[in-house]
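Shared chain: subunit A. Partners: subunit B in the first complex, subunit C in the second.
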Partner chain A sequence: MGKGIWVYAELTETSVRKVTFEILSAVKSIAAKKGEEVCAVVLGKNIPESVADQCASYGADKVYFVEHELLANYTSDGYAKALADIITRQQPSMVLFGATVVGKDLSAKAAAKVSAGLATDCTELKVDDSGNFCVRRPMYAGKVYADVGFPNAPVIMASIRPNVLIPTPPDASKKAPVEKVAAELAAGDIRVTIVETIKTAAAKVDLTEAEVIVSGGRGMKEAAGFKLLEDMAEIIGATVGASRAAVDAGWKPVAEQVGQTGKVVSPNLYIACGISGSIQHYAGMGTSKVIVAVNKDAEAPIFSKCDYGIVDDLFKVVPAMTQEMKKLKAEG
Partner chain B sequence: MNSIVCLKQVPDTEAQIRVKPDGSDVLLQDVKFIINPYDEYGVEEALKLKEKFGQGTVTIACLGPDRGVESIRTALAMGADKAVHLDDPALDGGDAFTTARALAEQIKGMEYDIIFCGKQAIDDDAAQVAVALAEYLNIPHANLVVKVEVASDKKKVKVNRQIVGGEEVLELPLPAVITCQKGLNEPRYASLPGIMKAKKKEIKAVKAADLKLDAAQIGAAGAKSKVLKCYAPPQRKAAQIIDGETPEAKALKLVKLLREEAKAI
Partner chain C sequence: MLTTLDPLWVLIALTIFTIGIIRRVRLWMMGQKDERLEGVGQRLKDFIVYAVGHKRILRELYPGLMHLFIFCACAIPLLIILAVQVKFSIPQLLGNLFSLFLDAVGSLGLLGIGLAAYRRYIQRPDRLSDTRAEDAIALIWVFAIIFLGFCVEGLRLSITGETGVWAPAGYVFASLFSFAEPGTQVSIHKLLWRIHLFLVLGLIACTPYTKFLHIITSAINIFLRKYGPPGVLRQITDFETAETFGVSRIDEFTRQQLFQLDACTRCGRCQDNCPAHLTQKPLSPKKLYQDLRTHMEEKGAQSAHNGDVSEKALIGDVIEHDTIWSCTLCLNCHFQCPVFITSVDKTIEMRRNLVLVESNFPVEVQAVFKNMENNSNPWGIGRHQRGDWAKDLGVKTMAEAGTADILLYAGCAGAFDDRYKKVSTAMVKILQAAGVNFAILGTEEGCCGDSARRIGNEYLYDSLVQYNIGVFQQYGVKKILTICPHCYNALKNEYPQYGTDFEVLHHTELLLNLVNTEKISLNSSPGKMNVCYHDSCFLGRYNDIYDQPRKLLTSISGISLVEMDRTLDRSFCCGAGGGRMWMEEHLGTRINEARTEQAIAAKPDAIATACPYCLTMLEDGLKAKNVFDSIKALDIAEYIYDAMKK
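Up next, the complex of A and B:
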C-alpha cells in the first residue's frame, strides 16, 4: 500500500492549467489498481479555495495547499524546495506533472533533490503485469516510443504531455479535504530574482495547450500570408503556429515554431498549410489527433503523415475553408 | 570569463532511428552524429562571452562513448579552448541523474563563472541533466534562455527565458547553469584554421575511477529510470486525399468531413 499518487496542480493567473485535469482523470484507474489515493498538490500564496473544488471534481481524493509568501511567483528554487520537503515528509509513491515549461523545470529539480526516477513528456501511464508503474514516452522526437520503468526509485516522477490524456467530465458534487501546509522557506533559498515578465500580445491559448492549431510553412510565401491563417484561427478558435522554414525566414517568432527544435504540440486538430512535413516538423505535431494538410505539391511528405489532404493552392483553399467554417459557425 | 559548455553527441535530426528486433534498444549503426543543436547554442554563447570580456577559457564537458570525440573536436574548431571527456563504459546505461552526478563531480574541481547546457538533448528528450547538474553543484539555473547579459563584474547574469505566453527576465548570481533555447544566437561554423588548431587542443579523458563516486551512483546501477522496451511509433492510416473540380469545392468537402466524420470542428 503506497502513500498516494500526487498530481502537481499548476496554477495559471486565473485558474488551473488544463493538463492537471487530464492527469487527474487518467490516474484514477491506475490509483484504483494499486489501492492508492489521488492527491492534488498546489503551491502558491493565498491559493483560492475554488482550486481544491476543481481538482476534486476531476478526481482528487485529497488536496494539499502548500503556501508561502515566497511562492507568490514561480521560481525553481522556491517551488522545488517546498515540493521536495513535503515529498520527503509524506513519501508518496508517485508525483505527476504536466510537461509544461514549469512542470519540466520543477520535476527535474525536485527529482534531483529527492533522488526520484523521472520520465519526461510521457503520453501514457500504466501499471505493468507485475504491478509496477510504467510510462510510455516518445524519444528521438517521436521517431521511437519507449516504455520506461522505475527500478530502485524511492519516488517515481513523470511529466505528462498536455492534450494527450482525455479528461473525464468533472463531477461538481465531489469534494475533497484540503490540508494546508506552510512551506519552510527563507528569502535566501531563492537565489534568482524575477526582474520582469514580458507578455507577448499573441494568441490567448498557448500552442502547447491549443485544441486546434492552424500552422503555416514555406508555402505561405511571406509574413503577410499568415493573415489567411489568422482569419481561419479567429473563426474556429485556433492558435496559429509555424514551421521552422517560416520562422527561419523571419515571418514568425521562434516562440510560435512547431517541431523538433520548437514546440511539441498535440491538438485535436492540426491544419498544416504549405508545410512539406519534414521528419523534424512531424516530431513536434505527430501526436495530434487529426492532421490536415493543404499543399500544392502532391509529393510532399506531409501527405503520408496526415488524415486528410488537399493537393491544391492554399491561397484558394484556405479562404474557402474559412468561409465555410464561418457559415457553419453562424448555423451553430 | 570562464565558461563550461556541456555537450552531448546525438543522432542527426534527419536520421532514421530503428528499433532492435527484440525491442531492447534503438539501433544507432550507420547513423550520422552531430552536436546536440541546443548545446551548439551554448558553445556559441560561451565564445561570445570570451570575446566580449577579452579573456577566459571555454571548456567543453562531454559524457559519452569514444565517438563523441568527433563532436568535441567540432566544438574546439568553433573556438573552444579545451575539453574533458567522461568516457567509460561504467558510466553507460545510467539516467539523467547519474550523468548529472558524474558531470557535477568533474566540474566541481574546475574554475568556472557560468555553465551552458542545451535545453534538452534531441535523442532522449529528457530535459533533466542541466537542472540536476545545477542542483548537485548547488548553484541556480535558468531554463529556456534566449538572451544572456553578464554583468561587467562577472558576479551576475541577466537572462530572458521563454515562458507560456511570453518571456521572463531573471537575474541570477554567478556561477549559474543556463540552458539554451533556439533564438539565443546563430552558432558559427568552424573555420579551416579553427579545424587545424583544434587538432592540437587538449581533450582530457576522465574515467569513472577518477570521479569520487560510489559504483551505486553511476551508470546502470545508479539509474532510477530505465527503458524497458522500444517501439516503432504508431502509424497513421493512409490519408484521405480530397478530390474536387476546384480548390473551393475541395475546401467545402474537407470542412464537411472535419465536421461530420472527424468531429474536429
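Up next, the complex of A and C:
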C-alpha cells in the first residue's frame, strides 16, 4: 500500500457534499492502478458515524475524522491548520478537494502551508502513459484545456469542479475503518470568529446558478401557459426562464429572460419549450450541458442545437413529461 | 425721405447686429479646431441649390412653399433696396414688369405668413409642439414689414395718381387710405415709411439674437456640410496618447458641430422621421440640438463671467443617457434636415465617452464586447466554427484556393445565424451557378466591427479592423462581396480610413450584374405576388443603393412591388442599427413592430430585405403581429435563388 489518495469530504448540515462522492468514485480506479488506498478526510466536531459509511459506499478504504472543538464551524485558519498538520504527519501522495466555496479556500491555504502544488477547478483526473497522475483544467474561460502534471510535488493537490465527474452507484455493503485524529488547535490559531451564519432564503435558484432550467417562448401562447413549466420545474427543482418573445409579450418579467440581451446561463439541463432557438436565444444558453427541445415546428433552428428534440405540441408533451418525472421521483 | 440722422440709425442697427454675431462666434469658437474645408466650387453650387433654391425645404410642399414665399418676400426687396442705392435706369416696360413681379412677391409673402400662422397655431402639428413667443413675434414682425411696404406703395400710387395696373396689390392698399385728404396722405406716407424702415433696421439688429439667426447660420451650414459617404464616423488614431475620448463637455465638440446647433430652426422634420422619437423614446434630434444649444449658451455666459457656477454635466444632466442610447444611427434625420444638420456625429462622440472613458453602457452590451473580443462575433460562438456554414457547399477558403477573383465575406450573421446561413448558402449556390471565381475566409474571417464602432467602442473596432486588414492583405484581396449592409458600409466606406483600397460589392449589386449579363437566368416564378421591399438604412441612405434590390425583385416574373409610405431615403429603420441590435428596447414601443405595421399596411404577400438585422427584426415583428404564417420575409438572394430553380 502507498501513502494514500485523500479526498477532503466536505460536510453539509446533514450530510456530505455530492462532489465528495464524485471525486471518490473517480479516484477508485486511479488508486487501484497505482496501488494506493483511497481515504476520505472529514474535519469537524462530533462527526456522525454515518458520514464514514457514506464515504465508504462510494469507495473510501479508510476514513479520517479530524475532530476538535474549534472545528465546529468552518474557518480558513482552523481547517487549514488541522488539515496541513495531518498531511505533514501522514504524508499522503495526493489530496483532492471539491472546487466549492469552502474547497477553493481550504485547498489554497493548505497547499501553501505544506508547500504543495495546486491545480484548481479541474474537470478530469487521469494517469498519463508514463503512469503519472495528471489533471485537465479549462483555461481562458473554457476556450482551451490544459493537462497539468505534478513533477516532483511532495503532495499532489487539486480541486475538482462539481457536477463534472459522475459518481458510481453507492455500495452500501462496503465499510471502512475510521481513524479519529485529534487536531491540535489553540484558540489563538483562529483569527476569525463566526458570529452568525445567515442563509439566503431557500427560494428559487437564480437563473444563472440554476442547474436545471425550464424555459418557454412564444409557443407558450399566453402567460398562463407558463403554469405548465412551473409545474415541471417544481418536480425537478428547476428554475423557469423565458425567451425574449415571451418577455416582450409580457408573459414573464425581464429578469427571467435568457438570451443575448438577457441572462447568459449554463445549466446541466436546459429544457426549451416553444422556443424556436434563434441565434439571439442560443447565445444565452448554448453552453448548457444537455439541451432538450419541445417544439411543434420541425424546422425550428433549436433542433439543430439540442441533444434531445421532441417535435410535437408542447401542451401535450410537457404535462406528460411532468407526469413521468413525478413517477420517477416517487420511485426514488 | 432720408433724414440726416438715418445713417446713424443704420450704423446702430449694424453695430447691434455685429455685436450679436461676435457673441455667437465666441460660442462656436469654444469648440475644437476642425479640418480644412475643401471643394469650394461644389459647396457654392450646393449653396445655390439648397439654400437659395430650397431644394430640400420643398420636399414637403406646404411648409416648403410657405418658407419659399416668406424667403422671397424678404430677400428680393432687400436685394432691390441695396441695388437701387446705385443710380441706373431701365426701360419703362421692364420697370413695369418688375413692379408687377415685386407686387406678386410681396403678396405671396403675406400668403406665406398666413400659411405659417395657420400651421403653427391652428393645425399645430406635433413637431411644432415647442412653439415659443419669439415664433409669433417673428411672424408679426415680418408681416408688419410687408404690410407697411404695401401701405407705403398704395399711398404713393394714390398721391402721384399713377395707375395700379403694374401694382395691383398696392392699388388695393391705396383704397385703405382714400378717406384722407391728399395732404394727410403725404404725412401718413412719410410716417408709415419711417416705421417700415425702422422695422427693417430692427430686424437686422435683432437677427443674431432671435430665430432670424437661421437666415445666416442655416445658409452657411449648407455651405459647410460634409461630403463623401454619409454617416462615416471620425477615426480615433491616438489611442496611446489621448487621455480622454469622445465628448463629455460641450467645448469638446468641434467648432463646426457647435455652429450647427445655431443652424437649427426647430422645423422638426427630423423628429417626424426619427424611429426613436416615433416609438416614444426620449430622443428627438431637434430636441438634442436645442438642448445642446441652450447648454452652449449657458457655458458661454459662464466663461464670460469666469465662473463655473451650477456645473451641469453634458452627459446625464443636459443629454440623458437614454437619449444617447436610443439612436439607431439610421441617418433619417440627416436626410430630412433641409439645412444638413447632423446628429450621428454628436451622438457617437458622447457614446465614445461613455464607453471608452466611463465604461458606462447598457449592461447587455458587455457580453457583446467580450464576445467580439474573444471570438470575433457578437454571439460568442467559438470562432473555430466560423467556416462551418460552408462545409458541405464545396467552397474553397482563401487558404485552400490561394487566390480568387472575389472574396465572399459572410459576416457574423451569414456565418453563425441559422436563419441567415440560408441566405449565405443561397448566395454561394448562385455564385457557383454563375461560374464566379470566389472563395471565403472560413475560420480566418473576423467580425467587421460595425456594431462595436457604432456603440462607441472604437478601440475594439480598431483591433477588429487591424486583424481583418491583415488577413485581406495576406491574400492580396482586391474585391470583396458582402451580404450584410453593415459589413458593406464598414469595408467600403470606413476601412479606407486605414488606407485600404479594395473594391467592395454588396450582393444586390453583384446579383443585378449577374442577371443583366445573363450569367444566371431566372426561369422559375413564384406566381403572382406583391412584394414589399424594406430599405436597409445602411444600404439606402448610407450607400445610395435603392434601385438594385427593386430591379432584382421585378426581374423575377410574377413579382410586383408595393411600397410602404416611408420608403427610399425616408425608409424607417428596423430598429437594429447603431448597435441597437444588441440592446434591449425598454422604452416606448418597439421600432421593429412599428416598421412591420407599415409593411403590412402596404398589403404585401411577402416582404423582401437585404440585411440580416432587418430580416431578424421584421421576422420578429411578423411573429409578434401573428402574421408570420401568411407573410414571409426573405432576403433578396433567397428570392433570386428560388427563381433560378428549374
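Points worth noting:
Methods note: the second predicted complex is superposed on the first by the 208 of 332 C-alpha atoms of A that agree within 3 Å, B and C clash if a C-alpha of one lies under 4 Å from a C-alpha of the other, contacts with A are read in each partner's own complex, and residues count from 1 in each chain.
Rule of thumb we're sticking to: a residue touches a chain if its C-beta (ideal position, glycine included) is under 8 Å from a C-beta of that chain, and two chains touch if they have at least 3 such contacts.
Since the model is a prediction, treat every value here as computed from it, not as a measurement.
Of the two partner chains placed by the overlay, neither subunit B nor subunit C lies in contact with A:220. When the two complexes are overlaid on their common chain A, residue A:242 makes contact with neither subunit B nor subunit C. Of the two partner chains, subunit B is the only one touched by A:324; subunit C is not. Contacts of A:316 after superposition on the shared chain: subunit B is touched, whereas subunit C is not.
By the touch criterion stated above, A:24 is placed in contact with neither subunit B nor subunit C.
When both complexes are overlaid on chain A, the residue A:262 reaches subunit B and subunit C alike. Legend: residue contacts after superposition of the two complexes on their common chain; A:143 is shown touching both subunit B and subunit C.
Annotation for subunit A, partner touching more residues between subunit B and subunit C: B. Once the two complexes are overlaid on the shared chain, A:304 sits against subunit B and subunit C alike. Annotation: subunit A residues 141, 143, 254, 260-262, 279-280, 286, 304 touch subunit B in one complex and subunit C in the other.
Considering their complex, residues 141, 143, 218, 245, 248-249, 254, 260-262, 264, 277-280, 282-283, 286, 301, 304 of subunit A touch subunit C.
Remark: subunit C residues 364, 367-368, 371, 374, 378-382, 413, 416-419, 582-584, 586, 590, 616, 620, 623-624 touch subunit A in the complex.
Considering their complex, residues 76-77, 80, 100-102, 104-105, 108-109, 111-113, 115-121, 128, 134, 137-154, 191-200, 202, 206, 208, 212, 236, 254-255, 257, 260-262, 268-269, 279-280, 286, 289-293, 303-313, 316-318, 320-321, 323-325, 328 of subunit A touch subunit B. Interface residues of subunit B, counted against subunit A in their complex, comprise 11, 13-14, 16-17, 19, 26, 37-38, 95-97, 100, 122-128, 130-132, 134-136, 139-144, 146, 158, 160, 162-173, 181-183, 223-234, 236-242, 246-248, 250-252, 254-259, 262, 264-265.
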